[in-house]
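Chain IDs A, B, C and D follow the sequence of writing; residue 1 opens each chain.
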Amino acid sequence: MHKHRFTKTDSRNRRKQAMELGIIGLGKMGGNMAQRLHDGGHKIVGFDFSADALKRLNDAGSKGVTSLEDLVKSLTGRRAIWIMVPAGDPVDETIAKLKPFMNKGDIFIDGGNSNYKDSQRRHKELKAEGFDFVDVGTSGGVWGLKEGYSMMIGGDDEPVQYLTPIFETLAPAKDKGWGHTGPAGAGHFVKMVHNGIEYGMMQAYAEGFSIFKAKEELKLDLPQIAEIWRYGSVVRSWLLDLTAEALEKNPTLEGLEAYVADSGEGRWTVFEAIDLNVSAPVITESLIRRIRSREQNNFTDRMIAIQRNAFGGHAVKKD
Amino acid sequence: MHKHRFTKTDSRNRRKQAMELGIIGLGKMGGNMAQRLHDGGHKIVGFDFSADALKRLNDAGSKGVTSLEDLVKSLTGRRAIWIMVPAGDPVDETIAKLKPFMNKGDIFIDGGNSNYKDSQRRHKELKAEGFDFVDVGTSGGVWGLKEGYSMMIGGDDEPVQYLTPIFETLAPAKDKGWGHTGPAGAGHFVKMVHNGIEYGMMQAYAEGFSIFKAKEELKLDLPQIAEIWRYGSVVRSWLLDLTAEALEKNPTLEGLEAYVADSGEGRWTVFEAIDLNVSAPVITESLIRRIRSREQNNFTDRMIAIQRNAFGGHAVKKD
Amino acid sequence: MHKHRFTKTDSRNRRKQAMELGIIGLGKMGGNMAQRLHDGGHKIVGFDFSADALKRLNDAGSKGVTSLEDLVKSLTGRRAIWIMVPAGDPVDETIAKLKPFMNKGDIFIDGGNSNYKDSQRRHKELKAEGFDFVDVGTSGGVWGLKEGYSMMIGGDDEPVQYLTPIFETLAPAKDKGWGHTGPAGAGHFVKMVHNGIEYGMMQAYAEGFSIFKAKEELKLDLPQIAEIWRYGSVVRSWLLDLTAEALEKNPTLEGLEAYVADSGEGRWTVFEAIDLNVSAPVITESLIRRIRSREQNNFTDRMIAIQRNAFGGHAVKKD
Amino acid sequence: MHKHRFTKTDSRNRRKQAMELGIIGLGKMGGNMAQRLHDGGHKIVGFDFSADALKRLNDAGSKGVTSLEDLVKSLTGRRAIWIMVPAGDPVDETIAKLKPFMNKGDIFIDGGNSNYKDSQRRHKELKAEGFDFVDVGTSGGVWGLKEGYSMMIGGDDEPVQYLTPIFETLAPAKDKGWGHTGPAGAGHFVKMVHNGIEYGMMQAYAEGFSIFKAKEELKLDLPQIAEIWRYGSVVRSWLLDLTAEALEKNPTLEGLEAYVADSGEGRWTVFEAIDLNVSAPVITESLIRRIRSREQNNFTDRMIAIQRNAFGGHAVKKD
């Protein structure tokens, strides 16, 4: 059975060990992770379609290659390849292109934002062909390079343990911010819900500050309030730290459009909650509000306006 | 104790009886009610600041007067005055102006959309001075003239019974669509919640039709669907009848702004639910969406956009 | 291209015509539909696993058979089989068992609550084998026998037109309550959203009456209010008619458990809204509340209790 | 005009200065604050009805008194009295009892969870009588003694500046976690919204962990996940730190009832948002869920069950 929890004893007994790792996708996340691993003493070989990304990697002392074949062949011993590409087909395509060059026992790591069901499927398919597959939900954004990444890891015990030196280097501290959360898919499942919670927290803060802004008579100073709350308050958090900094730079949020994108993980969380019969109104409402932010000339509102007009003769606004 | 329920026996024993009624406020609602009462054989005296409104009343065979004093003096016997003015101060001001001309036992009727707490206060104050006060929550909108008004009535038994011929004429049928729902305030309380439910129903329909509109590949015909549902479906309703008609005239809702006003009753319902510790998410959410429809350049959404940018480097849209 | 809208002209020109129809599944819905069709002059052959259901069918003058083969063979000319079985595998299994006995051009009708994506798939598969497939979203519940069924129909023009006499008999009136809403799947799609709206309306009414119940000081009479609203009010509807009747029988709802089941269509509506990027908070919230009604010893609430205790020393309630 | 923002320069120029302070209410919050101030070199005189609370104060080196008169008379110079009693009438009563012993210019400080409108009224009333009034929204809970309190302060500039040494000692650091947020009421207003945000954050975490618990097949380890997220993740926060600790002690939350109390501030935030026409669905929904946690044998759910039964013959569960 896999071991869920990382204990101090394990980590103390394990020598810090330099490893080799291939990384595919050297964007905002992958590029920073490559650098953090290189700085931590690991040998990194990276692939990206962008010549600039490869140059940055080379300049930082790692090795950039221009084909997946070269990537695999640049690694010795049991290969571990960290795939950091957009969720969905790109992951399947990358795996398919890598497989011809990989040996039995080599490890595919999906560190992106894949749907956990895809990770369960990929694990099963690769396992049947003799490969290992580990799914890593990775949080920390652009700050990970400096502060370390939080990683939730799903997969079989053996490959997860084998990769421990990599996780210890990427994490904020050797023993902190990462863990093997369960079987295949459990990494991406936990990361998915992490993002759902993130939606809820962001919406809660945003609503609060909107109330402040609307209370014009008190002439509240939004950056000041965010700054006060960073110390000693119940709502202090890393998100609040960043919010305080952002508000300091742009207290009125001028120039920004009221438009919020969403990656897939919030909606997957909502689907999952419903499938599991868990009532999760706040995460759901946070998603709905993001969707709402993208609706132009909202049809629902116009339907209500026309209904009011129909029964009550209430005036409607014309475009 | 007041008698809550209107029974058939009561109505059968009661002769239809012509009454006199003063009406203050001859707009969309008051004007139509005056006409329905006149057509039903009652003697109506009406007051409005608008000369047009008075002309319409006179043309229809009732008597329009240009002062509150004339209004009161035009009525014989025990006076009953139906006040149909905007909620809040106008009601108090109208009562204050009327009082000098009224006798003990005369009846003030508030048929507008007053907050039930105001009605409870007014009842108490007027009672202490020897007057009667009856609060009538009135539903039916511009269709009431033809189809009759639904009335929820609060107040003491005696004046409510005294006014029965008026209610029987205004109602869709002698025995239907009206009732004495409880003590002072109970009329406006029930009407308040009525409007809260109305918000929820309208939002439910509007969301459904928005989904139809968004499902472009099926090329659904919105007026057709509304029309189908009017017969035999579980969601058939009077609101749907009106919606079908409105969609028939303007299937794409072109020219309408996505802007929904709200009168006070929806928000009072939400406040009341919270005060009573009743969880009412759908009525509440319907109100929130109306508020949302009026927010320009939504600050909450911009706060979330800037937070996403801060931790993840996600692009924000510029105005 | 298929013709979306049913027009009066069409119906006037079309002679009422007796047809033959096989019905599979003679439960609450299928059994009543068989009877309404029989009463309307059509020849019905029915199949059900329940001997009782077959006996009822025979007693009512139609023919009950004990195998699908017999069902098909009892029909002459171009066969049309109305399948009224639980959504999902049972529909596929029924179709698979029927196919060996069916001829090219015969029509499968799915009148149950199938997911519209399944209907699109079945249409495509059956079409490829030379059969026709029509999906009918059917509303009206146990009242359909008497009042007629509302039907939203998806599929190709030709078979839908062929089945017109059946739809005209099942519907509340020849021209009302049914329509061809679009291509394959459009019937079940429209019915799915119909149910989502139904959730919202029910929740809106239920919240309103809960507020009445909680306002103890006014001693409101819930059945009275429902009855008043049935005539002239903006919230009048068929659901309200039924609610008034149910409250009349059991004004305190005693003996009922606070437990609400949901069939799949509400959650499919929510998934669809999210997939289409339509913000639908009220339909969604209505689903969430149903889910909530089934959660025992709610974990979310306990999590919040323990968080409050952790930061504020607030007491928690022990089981 | 008052100066909103606390600047580093101000604090550097201001000598740390020992002050005298009276504190009324020596419970969980007041008692700890008295101790933190005493430890910081201030002279504290405290009043409480509880002999135990007074003893603890005396044992810790401060002075406990048994009457408000003694409290005031134990202070020299310009008096400042920190009132830490339940919101509402107790604050008014305490102020009324203190006033006879206070001099013009003395300062009343309300450090409790008062409604900001009460604080605005009290400021106005006391100002008219020559007193000063400062409202302090205080966050930090039972951890404030050790970590310091976050304080949002409303009132006139002069008394707020006069009290600076008190705030600097109570705060997490001299310059951090406190600020003068605006005129009278601005302290309690900001604290009110703080608590609304807190509701939303707690609900977001709680929903996420409920999804984990429901995903039984993955056998997720809730305390492990909370612990992982504390480092490097986007959702890291002080609330999460406490949650991780609480889950570590009781991973299944056994023995806790699913019952969540709410103090007034969440509902005031919701009222305020609506009054200001700010759509705040997540804070609102968080409040609604707390209300829902306290509803037994939910009437809304039973209403829906009976509606489903009425139209569809769907079975209802009996108690």
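In this section, a contact is a pair of C-beta atoms (placed from the backbone, for glycine too) under 8 Å apart; a residue touches a chain by one contact, two chains touch by 3 or more.
Which chain is which protein? Per UniProt: A, B, C, D = Decarboxylating 6-phosphogluconate dehydrogenase.
None of the values given here were measured: they were computed from a predicted structure.
Enquirer: Which chains are shared contacts of chain A and chain C?
Expert: B, D
Enquirer: By CA centroid distance, what chain is farthest from chain C?
Expert: D
Enquirer: For the copies chain B and chain C, give the interface type as same if over half of its residue numbers appear on both sides, and as different if under half do.
Expert: Same; most numbers are used by both chain B and chain C.
Enquirer: Report the inter-chain centroid distance for chain B and chain D in whole angstrom, where each centroid is the mean of the CA atoms.
Expert: Taking the mean C-alpha position of each chain, the two centres sit 41 Å apart.
Enquirer: Rounded to a whole Å, what is the gap between the Cα centroids of chain B and chain C?
Expert: 33
Enquirer: Centroid from C-alpha atoms only, then distance chain C to chain D, rounded to Å. What do you get?
Expert: One centre to the other, that is 50 Å.
Enquirer: Residues of chain A that contact two or more other chains, please.
Expert: Answer for chain A, listing residues that touch two or more other chains: 141, 203, 205, 207, 210, 214, 234, 238-239, 277-278, 280-281, 285, 288-289, 292, 300, 311-312.
Enquirer: How is the touch graph of the chains shaped: line, ring, star, complete or other?
Expert: complete
Enquirer: In their shared complex, at which residues does chain A touch chain C?
Expert: Contact set of chain A toward chain C: 234, 267, 270-271, 274, 277-281, 284-285, 287-289, 291-292, 294-295, 300, 311-312.
Enquirer: Using the touch definition up top, name the residues of chain C that touch chain B in the complex.
Expert: Interface residues on the chain C side: 4-6, 139-141, 144, 147-152, 171-173, 176-179, 181-183, 185-186, 189-190, 193-201, 203-205, 207-208, 210-212, 214-215, 218-221, 224-225, 227-240, 269, 272-273, 276-278, 280-283, 285-286, 288-289.
Enquirer: So in the complex, which bits of chain C are touching chain D?
Expert: Chain C residues touching chain D: 28, 141-143, 202-203, 205-207, 209-210, 213-214, 238-239, 242-243, 245-247, 250, 253-261, 281, 289-290, 292-293, 297-314, 316-319.
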